[in-house]
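We just call them A, B, C and D in the order they show up, numbering each chain from 1.
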Amino acid sequence: MKVAFIGLGKMGSGMARNLLRAGHELTVYNRTRDKTEVLAGEGAHVADSPREACRDAEAAITMLADDGAVEEVVFGANGIAGTLHGVHVSSSTISTAMARRLSSAGHDYVSAPVFGRPEAAEAKKLVVVAAGSHEVVERCRPLFDAMGRVTFVAGSEPWQANAVKLCGNFMIASMLEAFSEAYATLRKAGVDPHLFLETMNALFGSPVYANYGRIIADEQFEPAEFRVKLGYKDMRLVLATAQECSSPMPLASLVRDHLLSALAKGQGDMDWSSIARVVAGNAGL
Amino acid sequence: MKVAFIGLGKMGSGMARNLLRAGHELTVYNRTRDKTEVLAGEGAHVADSPREACRDAEAAITMLADDGAVEEVVFGANGIAGTLHGVHVSSSTISTAMARRLSSAGHDYVSAPVFGRPEAAEAKKLVVVAAGSHEVVERCRPLFDAMGRVTFVAGSEPWQANAVKLCGNFMIASMLEAFSEAYATLRKAGVDPHLFLETMNALFGSPVYANYGRIIADEQFEPAEFRVKLGYKDMRLVLATAQECSSPMPLASLVRDHLLSALAKGQGDMDWSSIARVVAGNAGL
Amino acid sequence: MKVAFIGLGKMGSGMARNLLRAGHELTVYNRTRDKTEVLAGEGAHVADSPREACRDAEAAITMLADDGAVEEVVFGANGIAGTLHGVHVSSSTISTAMARRLSSAGHDYVSAPVFGRPEAAEAKKLVVVAAGSHEVVERCRPLFDAMGRVTFVAGSEPWQANAVKLCGNFMIASMLEAFSEAYATLRKAGVDPHLFLETMNALFGSPVYANYGRIIADEQFEPAEFRVKLGYKDMRLVLATAQECSSPMPLASLVRDHLLSALAKGQGDMDWSSIARVVAGNAGL
Amino acid sequence: MKVAFIGLGKMGSGMARNLLRAGHELTVYNRTRDKTEVLAGEGAHVADSPREACRDAEAAITMLADDGAVEEVVFGANGIAGTLHGVHVSSSTISTAMARRLSSAGHDYVSAPVFGRPEAAEAKKLVVVAAGSHEVVERCRPLFDAMGRVTFVAGSEPWQANAVKLCGNFMIASMLEAFSEAYATLRKAGVDPHLFLETMNALFGSPVYANYGRIIADEQFEPAEFRVKLGYKDMRLVLATAQECSSPMPLASLVRDHLLSALAKGQGDMDWSSIARVVAGNAGL
């Protein structure tokens, strides 16, 4: 397929590369042009604006930082709205409200956020969650297959995929909070967090637990895998979705507050697992 | 070794059987005698009281419901205190305060609570967390090896193992709360919880998530794997430990409150994952 | 002074009347015209639009339901922006973000939200909290004096008054939550909530406690003094302000969740003190 | 009446003095004898033990620090159980569980905890909450009238009065939490807490708000009116009562956690309103 790919950050670069590898014809755009060079060397065309990138595209994939960035790329001065004839595939982690707005931009639209870190994006191991009308989702399936190891379809309304993505990030954040509280208590009980981590690895057998459990046990919050700022944004967004649905999520509020504390204490660029520091501080550690 | 095993509930029966299989000489005691018969057929001696069971024992293992039951078996009229010459191994999920009391009963003492369900006990797949003086823990290691697939040593004070066990149950309870909140929001968003569960299985890759995530998605809270009553007890105990350590655990308080609500609504004998019903109710479901 | 008054709901009518009584020349506007009639009979001019109302006004006071209504009256088709030469006094309970937007509408601006119920508005017993540049606040002081029993100046930035108003409503909401929890426990302990209320009246000596404590003890949530919908909006707004300030407010989140539950259970038009019903429900009552 | 008064701390001294003033014949006992001297000078007999103090007493009033102190005085070596022929009036702030235990000590028993600070005790301005069998409560009424400005009867089971007392302290603690959160947000918004306090005084009109609101605005947490240690104890006790009643109190858990944090940070001897420091810390202040 002829694909425009907009947003070549750590995640986007890997995703774009896998589209090229799968034989799709790619035109890329990034706000700072230097990030496009490697992909150009691998066969991608480079465009000067989102609008130019999507001119002949059957699909335009956006992988951007937040609602604001997506809004600019879609509805801004050189945005894709009005030019794109194909389908817009939004893989960014955005609000369900923004997804609804993108649904009504005048072109076909699919939300297809992804789970996975940059290494997983590079290795075609992402988990894709798509939602939208059946026909449009199926049309995009070759793209999802090129970028991820598995694709789940959340429903026929695009924003439902974003709800799933946000709730998934909430699941991870809850695990961070749980580790933070358990470690704080155990440290005060004289038990080594690493001993507890080994036990939890034996119990849960999950690489996500192993990875974040180790970061927190080591208190190695820099460099960040996923920054407090972004985690805070996601918890705000999941709470916004929950409120749209009239569904209280007290645990999400608790984690949001600890991320907000981390922000207030200057930890915005640390890994979001550094809420452990806030929790430990509340225990006098 | 000559071993007394006291408490032949679902967990204890499997553990005792694996001790027999490993060649230990077992004397068993259970409050209701009928549960001893199968093990008697497999070679265990049967005693009429804890005291009698432990008379010649090198080790007495207790696997009982709660603090009260352990107190009775150790300090009660026919209890083991004063008679036992070997080491007392407490595998029950009890409070850290009770563990400290058991430490000073006049015989050697090790806390060795276990993670795993009855099937895991039967299949010698338990995770054992032991704590106590190095020499005594090592003396008991053949017993741990006979009952579990792996043993972790939490520290030199027995109650530290109980702190680890309680914090581990808290980790599971936190996951239940997270699933409950995510499912409630997604149900109101028109997304099938099973779709979310599949996504989380792809993300976390944990059998614990797969198991409890399915129970909650199916809303199949009976028969209980682990009852609300017991989960509530454990959350009370982890909070008691946290307070001994001056370490706030707000997520543990949140889960405790949802378990308490479940109790108040008559769900005491349902699976503890039925806090999902409380959470869904708060969303008007 | 020549004053435009926009928004003649329960609160606005009383406030406008007191401005008339104090000798100010009043032009009123309300979306539904019938509410203007009584005031017309008392000497007010009636305008057909906000813009017309404010044409010669030295001050335009708005007392409206929410951010959206204020936005429409200020920036909408027949809005006051561009026409008003005097100062805009916003007495509505709005977000701090909206207050900042109103500050930059091109005319002088003061936030002056009020505390008090409709009877207090009628009886000139409101508490006024004003903020804005010193000169502009002082120019409006005769208006505040005409409408309230006391005026506090929160700061030189208008939105600071809205922060105070929202935090004040949060203080009341916290009291509702506290009563709800105490009553639920005491009812289950067989103690009459009215007995507790009398005790609290002796202890706190506050008419606010007496009023809301009675409503909750009587479980008389209709007709509403202040609806769940509005209370929920205010808790959302105070949390938005708190997040702008990077200041976690876990108690505000807790109350927000109980109001959201009340909404989800169909209590949107009951008094906001009906969070007591949510709390009691969680205790199995 | 012939009255034994046991426990001459800040509260007890004032209460005992008012009993003397009202013409009752008083025998006092205190663990450290020097505190008995002033009252001896005012006409009280001094005993060497609780048992001796209550030998001929029609009523024995205990006003002690906690469950442990009351247990010692009642059931200890020189305790009143077995000797007292009159009624035991427990005015201490104790657990509902301890109150039930005192009910079955073999003599008549009334729980009569009080609200008010030492100055109020001295000035006969306490609020008394009594519970017990009607006949016994009425027999003690002259004593209540001598010590307080008003007496409320909570029920026929003594522990119900303790439930009311604990819930009353929870109401105050909730107010502390609410002030703490509002002040933190407002300080970060550049608003002087004292301005907010004045507004709240105009709104609530409560001396309790005025007093604690000022302490927190001034951040003057020493000397303590009521120490963090004691506040923490009371929140633990109200949560214990709530759990006996299967009634979740999430706000009580929140405050308990902030008091626990304060303890962990070394604020145990500061005023309990110093939870404001924990809350401010979480906002990065």
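Everything below uses one rule, namely that contacts are C-beta pairs under 8 Å (C-beta built on N, C-alpha and C of every residue); 3 or more make two chains touch, one makes a residue touch a chain.
Everything numeric in this text was worked out from a predicted model, so none of it was measured.
Asker: Suppose you list every residue number at the chain C-chain D interface; are over half of them used by both chains (same) or under half (different)?
Answerer: Same, since most residue numbers here occur in both copies.
Asker: Among the chains, which is located farthest from chain C on the basis of C-alpha centroids?
Answerer: Chain centre farthest from chain C's centre: B.
Asker: Per the centroid of Cα atoms for each chain, what is the distance between chain A and chain D, given in Å?
Answerer: 53
Asker: Quick one: chain C and chain D, Cα centre-to-centre, how many Å?
Answerer: Chain C and chain D have C-alpha centres separated by 37 Å.
Asker: Could you give the separation in Å between the centres of chain B and chain D, each centre being the mean of its C-alpha atoms?
Answerer: 39
Asker: So which stretches of chain C touch two or more other chains?
Answerer: 246-250, 254, 257, 261, 263-264, 282-284
Asker: Mind listing the chain D positions that touch chain A in their complex?
Answerer: Going by the criterion above, the answer is residues 250, 257, 261, 263-266, 278, 281-284.
Asker: For chain C, which residues count as touching chain D in their complex?
Answerer: Residues of chain C touching chain D: 96, 115, 127, 129, 149-150, 152-155, 157, 159-160, 163-164, 167-168, 170-172, 174-175, 177-179, 181-182, 184-186, 188-191, 195-196, 198-200, 202-209, 238, 241-242, 245-252, 254, 282-284.
Asker: Report the residues of chain D in contact with chain B in the complex, numbered from low to high.
Answerer: 236, 243, 246-250, 253-254, 256-258, 260-261, 263-264
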